[in-house]
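Two complexes follow with chain A in common, the first pairing it with chain B and the second with chain C.
Let's look at the complex of A and B:
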């Protein structure tokens, strides 16, 4: 003989357990919606694991990529200039870009002679597909993928075309969003500089001997 | 007051005041019941629930109300316009009317009529008329199916509902709500007697079916019938159906706390007048019962139509009948023997009927032509 209804009562017990767990686990969260930076989405998590997005955010992975940015050597809040910008207008990014959303105009100096700097650099963000090939191919570490994903706008005719002013971010910003990649690139640049210095010293020695 | 205005006028004025009080208190209660339901079910499912509007989402019901009010009112082209309009009104008025019959404190009852319990049941079952009107006049398949389900459900569950509640007037000797509460202050709450406990379970189950709450929400089964009987309603007309459902649930909870949990009885709460304490006690008891309906909604799946009918006719009615006999035995043989006999009677009938109900049906075997040897 089977007694009916017992499993119904057991089910009520399970849901009540769930109900209570949401209050006992993360008890502080019940009274504070402002506790940030605490990620509750690992497998062992009990209770509520909702991340309340505008107030709380998950840590973005470093290689998360949204829309390319141009890098200039400087601090945050500074404006880019032809001296500090890294881009040399070589055009590799525009060539590899699969949807062809990059336009570059080479810069000129005061006398009208072409210089290895970009004077205009435009990305149509509606066309960009966030593949990151431009950043992969850039030999000067000048174009990188960004982390800013909250880029919704109310119109789409002007603000979706990013010009060179809008694209430029400082190295400081990039170092902050991509600490690992930044450290690697810096080490590489440092080694390269040392190698060059050593080579120059060797050349000088050869000159002296000769 | 008699010398200033005629007597009939003061009576009418008093009635209008009572109605105004009910209309002022009950809809906000309903609004926050929906909020509680959304919050509690969210917690059961490890979510937060609505928490954006106001602190902890407390202004959410007002946002919902504004949304309902400004939504476009769509009336199907082929529908009976007048009846389509009348159905939501027909369902709301009786459900609010139920509150006139419920006592919230000593002497704090809008209509202290001597047949309160009977009238409550009569009013409670009129909702089906409105639901059928809604389903029929929408001129659409889903509402009609929902309405037919509701009619069948009401016919099935009204019988155990009445049979289960019949033990109360049997023991108390009165259908008046205040008498029922008074009797419990003498003999103790009826929930602690074997027949009272059974009647509570039966009434709760049948009541859930009557107000179309889970697991008996077949008439509006959103996963099967889109929205059931209110599929073709939008805006505030839909809101009225929603209101009626929750108001009926609250009324059922208050009725059950009056019948089985001693009504307004409870230790006097300090710093409150006697009436305030009574109202607070009955509100807390009713709130707990409303919470149980929400808890059930967050837990149990919906019944299948044939199982729903089978459960009412094959299990609940026999148990309710056995409970009537048990109550009589308990009344005439007080003490341990009566209690034991009535408990054993009810439990054995339940075990027997549930075995019969759930007994495996004979399997129809199909013989295929090529298998005959």
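Let's look at the complex of A and C:
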């Protein structure tokens, strides 16, 4: 004779077990007011799975991407300038952008000759698909994907169009959000500078000998 | 001074006014409102925002995750997702708003009682997002509804949605009952529902539309190329196989009926059904499986393309059958009689290309609506926001001053109408459905009634609609209605360069972006002759199999939701999915829209901590999670009762209807592209292809559980064997303007939902001439009516859940 409902009770047992672990495993956490800041949930995570946003938040991985930003060499709080910005207005980001949300005006000097600086740089964040191709293909490490995701606004017509002033963040900020990528890029730049210096020295030697 | 009125000069008046305001107008009642009523009222309002259970696209998945245990929107008093607009305060417009869907959205909004709030979630809902240029996309829900909070991002993560909710709560705290919209005198403000005409008609703008004239100059349309040459003999470049099949067809259907052309055979469109029947019924050919059907718009013809495979005779080579329809009055014979799986695909070709299929039982538009002007996939069809034939748009660089697409068009919106169109005289075309004329099965003297399930319905897994004819509570007929999320993937894809299509493939089946990436990469790499490095191949397999786990966890969780086990199984499943998404985020930077594969490798090598975590997940946690799910559900009496014997798809029908993936394998056909035509390095791994003969909902459920176990096997092998040479996974040279040699290719992979195929025709430039996606979710729906007939309404929900569709892929 088949007894109905046994499997049902077994299934409910699993639910009950889960219910209990939320108290036993996470007991200390449940009844302490200490929230943990940035949380990285592990494979062995049991019990309460909830991250108490906004008091706690998930640890973002370095590669996390939301909107693109432009980088200038400097400290946080400083303003970018034509000397410190890295962008050369080469346009590769605008060319690789799938929804074509990047607009660049190449700068001109006093005589009207084109210079490798952007005079206007606009990203329409309402079209941007956060794919990160611009950052991936930029040859100058000038455009990067930002981590800031708390970007809800009450209007979109002005604040969602990011112009060159709004886009620029400092290298200090970038080094903080992307420590590994920053170290790698710095090492590469350093090696490149050394190589160039060595090449220049060699050229000088050749000149001397001649 | 008459009437005691004091005349004052202006300065005195303002002084007096100030005095009066200070002493007289501010009564205790006002203070009461400011200090007591408003705070209490706003506190109540902002902490009990009940969202409407309503999702449109990819963002909806993140919205569901926000409601699940990791982010737990309940902490904000907003966990009560209401299925009825009449009980909801908050509409989270989560995803792409299409023209076909916007009348429903406006109607839902109108049905919500005041006070009501709107969050526009993601770039699409806010302004059209990456799909803005599409012909079926509304550039922002705020064109119709008043939006309170916008979130940029594609998609915003659950935490970003919570931030938006907090922003909305702050906005509510600033409100005062004295000036809120809903306590103002006068009738309630209702938004008129837009009409679907030759294009979307905003009825508030009738006069503007009538007065609007077409722009003087339009950008040049994309160029045509000529159809591939017909090659009568092998000497001209036709493959031996094509010559052989063509000569046999010529014998069978009449001389001159079939000509080889490269790898394919071109048949007279009037003789298609004869040719098809011959190819299917000849025992040594036995092409019983029509994998893909599409059309290419060439200069001189519309070329219909059929990709045929043989499941009954796995040793047969695949065959590409073609037919060329005349450009002026394109038509062909329908193949639904030979392969019923052609049904929806032929309707799609009719809808998008305007090729008429004679003999099709129900030929009408499938993605757009009846009455829409034009066939949008034709190359000379230009969207309202059309800017240039191919990306990169010249307006973006060097003199790239920002300009919204709206500023370039006369009506300031993504619409265009035929010249002289008068919206006030327009009468929308009625929807026509197949008539149902069978007698009542229950011998009840009741009328048959037609019921619409969807497009806004919690059980339809997105904006999908089923129009069912009921006899009592039994289904007599069912017609799937789709296109509510048709966001013009292929049209945009043909304008994109090859690399730009990667992030768009993420948004096809947005649960499985990694394996979509893989399918596209594999196809284009075949055309380019590129081979990724060993390490990249392993990474790809690991990602694709993790994706299969993600998808099956999700679909099993939600199948149970559909059966009425509200949210508990889904919550458990989502929890495991979240941990896999952490891995994706770690490697690719995004939880859902990974955009991780590149031609010849992956975007970036794995971070150091990836493999240890993946290994622990795959060996320790996930096997246990699958056991739990299995133990929790598989022998549960209610599940057995609801699923066994329901929605049966017999083996022959499954093949004939071109079903794929777990639906096909659940009907007893052990067919899997990973085995039938191994791609990447799947030939190195040991795994089984589970199949069950029953063909019911329960079989499909069990297939998914079994497939998850097989995926774990593959993952364990792949993680063990992956070569450790770090840094080799990226392509040797990163090129943003890759050119693909001219030619055509149909590439396919086994996605969690079934066979995902990409058919690409290249003309040698940097963007595809034709880019077609064979979407398993779309084609699996062809057999939906067959599975549902005779069952109860409640079963339809379970059957649909067991097919496991994703609307991003169904409608593309």
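Miscellaneous remarks
In the analysis below, the second predicted complex is superposed on the first by the 163 of 210 C-alpha atoms of A that agree within 3 Å, B and C clash if a C-alpha of one lies under 4 Å from a C-alpha of the other, contacts with A are read in each partner's own complex, and residues count from 1 in each chain.
One rule holds in what follows: contacts are C-beta pairs under 8 Å (C-beta built on N, C-alpha and C of every residue); 3 or more make two chains touch, one makes a residue touch a chain.
The structure displayed is predicted, hence computed values, not measured ones.
When the shared chain is aligned, chain C comes close enough to touch A:128, but chain B does not.
Between chain B and chain C, more residues of chain A are touched by C.
When the shared chain is aligned, chain B comes close enough to touch A:23, but chain C does not. By the touch criterion defined above, A:52 lies against chain B and chain C together after alignment on the C-alpha atoms of chain A.
Once the two complexes are overlaid on the shared chain, A:136 sits against chain C while remaining clear of chain B. Contacts of A:77 after superposition: neither chain B nor chain C is touched. When the shared chain is aligned, chain B and chain C each come close enough to touch A:15.
Of the two partner chains placed around the shared chain by superposition, chain B and chain C are both touched by A:4. Taken together, the two structures place residues 4-5, 8, 11, 14-15, 18, 49-50, 52 of chain A in contact with chain B in one case and with chain C in the other. Against chain A, the residues of chain B that register as touching in their complex are 40, 43-48, 51, 295-296, 298-300, 351, 354-355, 358.
Remark: chain C residues 69-72, 75, 120, 123, 126-133, 140, 142, 147-154, 156-157, 159-160, 162-164, 166-167, 171, 391-393, 395-404, 496-497, 499-504, 506-507, 568, 572, 575, 578-579, 582, 585-590, 593, 595, 603-604, 607, 613, 616-617, 620-621, 628, 631-633, 635-638, 734, 736-737 touch chain A in the complex.
The touching residues of chain A, counted against chain B in their complex, run 1-5, 8, 11-12, 14-16, 18-19, 21-23, 33, 47-50, 52. The touching residues of chain A, when paired with chain C in their complex, are 4-5, 7-8, 10-11, 14-15, 18, 41, 43-45, 49-54, 57-58, 61-67, 89, 91-92, 94-100, 102-106, 120, 122, 124-133, 136-137, 145, 149-156, 160-161, 163, 180.
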